[in-house]
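Both complexes below contain chain A, partnered by chain B and then by chain C.
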Partner chain A sequence: MTAPLLTVTDLEVTFKIRRGLLRPTRKLRAVNGVSFHIEPGETLAVVGESGSGKSTVARAVMRLLEPSRGSIHLDGDDISAMKGEALRRIRPKLQMVFQDPYSSLDPSMIIADVVGEPLTVHGVATGAERDRRVQDLLEQVGLGRYHMNRYPHEFSGGQRQRIAIARAIALEPKLLVLDEAVSALDVSTQNQILNLLEDLRRELGIAYLFISHDLGVVEHIADRVAVTYLGRIVEEGPTERVFAKPAHPYTEALLSAVPVPNPRIQRSRQRIVLPGDVPSPLAPPSGCPFHTRCPHVMDVCRGEMPSHESVADGGSVACYLGRV
Partner chain B sequence: MSAPLLEVEDLAVEFLTDHGWVRVVDGVSFSVGAGETLGLVGESGSGKTVTSLSVMQLIPRPPGRIAGGSIRFEGRELLGLSDQELEALRGEAIAMVFQESMTSLNPAFTIGDQIGEVVRRHRGVSRREARVRALEVLELVQIPDPEARIDAYPHEFSGGMRQRAAIAMALACDPKLLIADEPTTALDVTVQAQVLDLLRSLQQRLGMGILFVTHNLGVVADLCDRVTVMYAGRMVETANVFDLFESPQHPYTEGLLQAMPQLGERGKRLAAIPGTPPMPWQMPDGCRFHPRCPYAEAACAEQDVKLDDLGEGRSTRCRRHAELKLEGAE
Partner chain C sequence: MSEPNAAALDQLGASMSARQRFLRRFLRQRPALYALGFLVLLALGAAFAPWVAPHDPLAQNLDRVLEAPSFDHFFGTDELGRDVASRTLFAARISLLAAFQAVFIALLIGVPPGLVAGLFGGQTDNLIMRITDALMSFPPLILAVAIIAVLGPSLTNAMIAVGILLSPTFLRLMRGTAMAVAQETYVEAARSIGCSQSWIITRHILPNVVSPLFVQISVFAGVAMLAEAGLSFLGLGAQPPDSSWGAMVGRGFRYISHSPSLIVFPGLAIAVTVLAFYVLGDGLRDSLGREVRREQ
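Coming up: the complex of A and B.
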C-alpha cells in the first residue's frame, strides 16, 4: 500500500484570547488531539457545526496557523514546523479555496492575473506561455479565454468560485483544501461546482480536504467523513457507513437534524432534537465534550475523553457506549 | 370559510437602478390563512425577500417602490396606509423575524428592555407589566433560566438563543401573522431543528399564520402547509406541500427538487440547472425560465405565459405542464 498523502497526528491548535486590557489572556483550544489521513486522490470531509474547529483544522493543514502540538506530514515531509522558503517550496502541492468568492479574489486584478499569479510567483511560466496556461485552466473550469481580461465584479458567485478553483489548481496541487467552498452558492450553482470538483478529481487525481457543515453535500462528494465536535473528532469512517450506521450519538443527532426534502418522509421520521447549545470552547466540558447534550450520557463520560476504537464496517468512534 | 389573514394580489415592486426602473417582483399573488404556513421559495434574486418586505412596506423607498397590486390584511388594504397606521400594525398584528438576529436586536439594550419596549409601545402598559410579558415570551420560546437571561445583552447569547429572543420579541404582542425570512439559515442544523420545532409548537398553541421565506426545501418539507415557488420575480408554481414534492408542475420546481444533493446517488453527477438566473433588467421574453429549461420549445420564448389555475389551490406558469411528466422527490 502507498503512503497517505496527508497524515495529521494529534493536532492541537490554541488561540490566546484577551478579554480586556488588564485581564489575563486565556487559552482557547480550538482543535484538540485530532488525527486523520488522506490518500492520494481521496476526498475526506470534515463536518461539524460552528465552533467545532473544522475550519481551524483546514487552516492548520494549510499552515496559515501554527499548531501548538502534533505533526502534519504532506507527501513524507513534516510541514507542521516549516517556515519561510521551505514552506514556500511545498506550497504548490497544497492549495485552498475559500467560502466567499466575493472576498477571496483581488478586485483590482483581471482574471488572467488572478489565475496566472501562482504561475508567475513560483516561476512556472511567464508571458505568452503563462497566458496559454491560464486559458487552459479557464477552459478546465468551464470558462473561456474571453473572460481573461475581465474583473472579478463582472462575474456571478458561481463563476467566481470557478475562477478561485482555476487559480488553486494552476500549480497542479496534490491536495486541495476546500473550506465551505460551495456554502455561499444557490443549489443549482452549487451542484455545477460540485460536478466540476468531481471532474477535476478524476482528471487530475487531486485529493480534497472538504470542510463543510452541509451533510447533504458531504454525503454526495466524500469518500470518508470525520465528524467534529468542540475541537475533537468524535467519529470517522467511510461515508456510506457513517450515514447509514452512525456510531456516535452526536453523529446520529446531527444526521437526524438535517431535514429530508420530502414532506412525507420528513414528517414521519424519528428525530433527535438535542437540548441546549454547543458549550463555549473557552470552557469545554470535562471528559467527552458531548456529554452535556448526549441522550445516552453515563458517569464515565464525565471523566476522561474516550479513545478512538474501530467500528465494524470501517472507521472509528470515540464513545463509551457499548464499551462499559 | 372566513377570509384569509393575508391576501397579496398582483403585487409589483420596482427598483430604480442604472438601467432605470426595474421590476423585481411582478404579478405575485398568494394568501396565508390563520394557523397556516405558506413557504415562499426561490434562489437569490428570485424576489422572495422583496415580496415579504413589501407586505409590511419595509422596502427602502427610494430606490424601491410598490408599483401595483393589493395587500390585504384581514380584508383591510395595507397599500396607501399612512406611516402611523403601518407602525401600529408592525410588531402588533404582524411581526417579522429575519435571518440575522444580531442585526435585528439592538446591541446596546438588554433583551428584556427590547422586548418590553415593543409591548409598551403597542399596549401602553407600565414598565413592570412589560417586563412580566417579556419574561413570559422568553419562557414561551424556551430560553433556559429566563429570569437570569432577561437582563443579558444580545452579544451574551449564542446564535440560537438570539434567534429565540428575536422570535420572543416578535411574539410579544400575540401577532396574527408572523413573517419569517430565512430565520434558520444562519443557524447550525441541530439548532435549526430546535427552532423549527419551536415555531411548529407555537403555531399550534397560538394559531398564527406564518409566511416562511426560504431557499431550503428540506425546511419547507418540514414546516410548510403550502408552497409558492418564485423565479426571476414571478411565481412559477403554487401547491400544497405534498403535491409540490410529489408531482411538481413546473420544470423549475423539478430542477430545484432534483438538485437536492440528498436525492442524488453517490458517485453520480448531481443534477444542476444549467446557466444562471437572468438579471432583472435583462428578463428574457416569454417564459423567464425558458433559456435554462430542458423542455423549452420555440413557443416558450415567444409568448408570455399566464399562471394556469389547476384547481384545488394549485397553479403553474408553464405552457407545457399538461404534456410533461415531471419528476418529484422520491
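Coming up: the complex of A and C.
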C-alpha cells in the first residue's frame, strides 16, 4: 500500500470564548483527538450534526485555523505548524470549496480573475496563457468561454459552485476539501455537482475530504465515512459497511433518520429518536460524549472515552458495546 | 448553460464591464442624473466665470446700490452697486473649491487609519477608535471656531477645520466596511488558495470598500458646503475681496429689510447645490449597491 496522502493524528482545535471584559476567557474544544487518513484519489466523508466540529476539521486541515494539538501530514510534510511562505508554497496541493457559493466569490471580480487568481498568485500562468487555462477550466466544469467576463452575481448557485470548483482545481491539487459544498444547492443541482466531482476524480485523481450532514449524498460519493459527535470521531469505516452495519449507536440513530424513497419501507422503519439535545461543547460530558443520549448507556461510558477498535468488515468504532 | 447561442451570450457578457453596468443603472436614476447635470453646469459656470459672468464681480457702481433684480442686473446689485449675479457665479468657485478641500482633508485623515483599525483590530483598533471618540465628543462648530482661532481666519483654515470634523465619519465607515469585508468567505477563500496578506488587501478588500465611500463623499461635499456657508456667514471663512455664498449671505443679511433679494440668490445657490450633492449621493448608492446582496 502506498503512503496516505493526508494523515491527521490526534487533532485538537480550541477556540477562546470571551464572555465579558473582566470575566475569564473559556476554552471551547471544537475538535478533540481526531485522527484519520486519506489515500490518494480517495473520498473520505466526515458527517455529523451542526456543531459536531466537522467544518472545524476542514478548516484546520486547510490551515485556515491553528490546531492546538496534533499533527497534519500532507504528502509527507507536516503542515500543522507551517506558517507564512512555507504554508503558501504547499497551498497548491490542497484546495477548498466553501459551503456558500454566494459569499465565497469576490463580487468585484470577473470570473476570469476569480478562476485565474490561483494561477496568478502562484506565478503559474499570466496574460493570454492564463486566459487560455481559465477557459479550459471553465469547460472542464461545464461552463463556457462566454462566462469569463461576467461577475459572480450573474450566476445561479449551481453555476457559482462550478466556478468555485474550477478555481479550486486550477492548481491541480492532490486534495480537495469540500465543506458542505452541495448543501446550499437544490437537489437537482446537487446531483449535477456530485457528478461533476465524480468526473473530476476520475480524470484528475483528486482525493476529497467531503464534509457533509447529508447522509444520502455521502452514501453516493464517499469511499469511507467518519462520523463525528461533539468534536470526536465515534465511528469510521468503508461507506458500505457503515451504512449497512453501523457499529456505533449514534451512527445507527443518524441513519435511521434518513428518509427512504420507498414509502412502504419508510413507514415500517423504526426511527431511533435520541432523547435530549447535543450537550454544549463548552461543558462536554465526561467519558464518551454520547453517553447522555445513548440508548445503551452503561456505567463504564461515563468514565473514560472508549478507544477506537477495529470492526469486522473494516473501519473502527469508539464504543464499549460488546466489549465489556 | 446551453451552448447554441454562445455567440450572442459572448457579446452580452463580454461587452458589459462593471463600469458600463454601473452607468446603465445610474442613467436610470432620473433625480441623480439631474443633480449631476446641475453640478456639472455649476462647475463649468464657475470655471469659466470670467467669460460667462455678465459683469465684473468687483466693479462698483455707487449710483446703483441695492437695486432689485432687473434686466440689466438679473439678481440686482449689492450695497456697493456690484452685480449680484456675477458675484454669485464667482462665489461658486470659492464655495465648490472649499467643499472639495474639506472632503479631501477628511478623506486624507479619515480613510487610512480607518482601514488600519478595521483590518488589524485589537489594540491598534482600540487606540485609533478612542482618539476618534475624543474628537467626536467636541461640539463641531465650537471646535471649528477654536481651530480657526488658532490658525487665523481664512477659508483654507476653515476648511481644514471642517475636514478634521468630518474625518471621524470616514474613519468609522472605513473601519466598519473593512471589518465586514475581512470577515467575508471570499477573503478566507483567497487565503486558502495561498494569496499573501498584501494581495488580499489590495485585490479583495480595497475594491469592496470603495463604493460606500463614494456615497459618503457626495453627501459630505454637501455637508462641507453648508459648514463653509455657516463659517463664512460668521466671518470666519472667505475673507474679502474673495466671497463665497455664505459670505454673501452674511453681508447681505445687514440689508435684509431694504433689499431681501441680496440673500435670496446666494442662499438659493447653497440650498440647491447641497441638495444636488445629497441627491447625487443617493443615486450613487443605489447604482453602486453591493450586487450580491441585491441578488439574494
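As a convention for this text, the second predicted complex is superposed on the first by the 324 of 324 C-alpha atoms of A that agree within 3 Å, B and C clash if a C-alpha of one lies under 4 Å from a C-alpha of the other, contacts with A are read in each partner's own complex, and residues count from 1 in each chain.
By definition in this document, a residue touches a chain if its C-beta (ideal position, glycine included) is under 8 Å from a C-beta of that chain, and two chains touch if they have at least 3 such contacts.
Predicted, not measured: the structure shown is a model, and the values here were computed from it.
Look at chain A after the overlay: chain B and chain C fit there side by side. Once the two complexes are laid over each other on the shared chain, residue contacts for A:Phe98 go to chain C alone; chain B is not touched.
Contacts of A:Met62 after superposition on the shared chain: chain C is touched, whereas chain B is not.
Applying the stated contact rule after C-alpha superposition, one finds that A:Leu143 touches chain C and leaves chain B untouched.
When the two complexes are overlaid on their common chain A, residue A:Val121 makes contact with chain C while staying clear of chain B. In the overlay built on the shared chain, the residue A:Leu321 is in contact with neither chain B nor chain C.
Looking at the shared chain after the overlay, A:Asp106 reaches chain C, while chain B stays out of its contact range. Judged by the touch definition given at the top, the superposed model places A:Asp186 against chain B, while chain C stays out of reach. For the pair chain B and chain C, the minimum alpha-carbon spacing after aligning on chain A is 7 Å.
Those residues of chain A whose C-beta lies close enough to touch chain C in the complex are 62, 64, 87-89, 91-92, 95-96, 98, 100, 102-110, 117-118, 121-122, 142-154, 159, 164, 167-168, 171. Touching chain A in their complex are the following residues of chain B: 43-44, 144, 158-161, 188-194, 196-197, 215-222, 241-242, 245-246, 255-257, 259-264, 266, 269-274, 276, 329-330. The residues of chain A lying in touch with chain B in their complex are 49-50, 156, 158, 186-192, 194-195, 198, 213-217, 219-220, 239-240, 253-254, 256-267, 271, 273-274, 276-278. Residues of chain C touching chain A in their complex: 1, 3, 6, 9-10, 13-14, 16-18, 21, 184-186, 188-196, 199, 203-204, 207-208, 290-292, 294-296.
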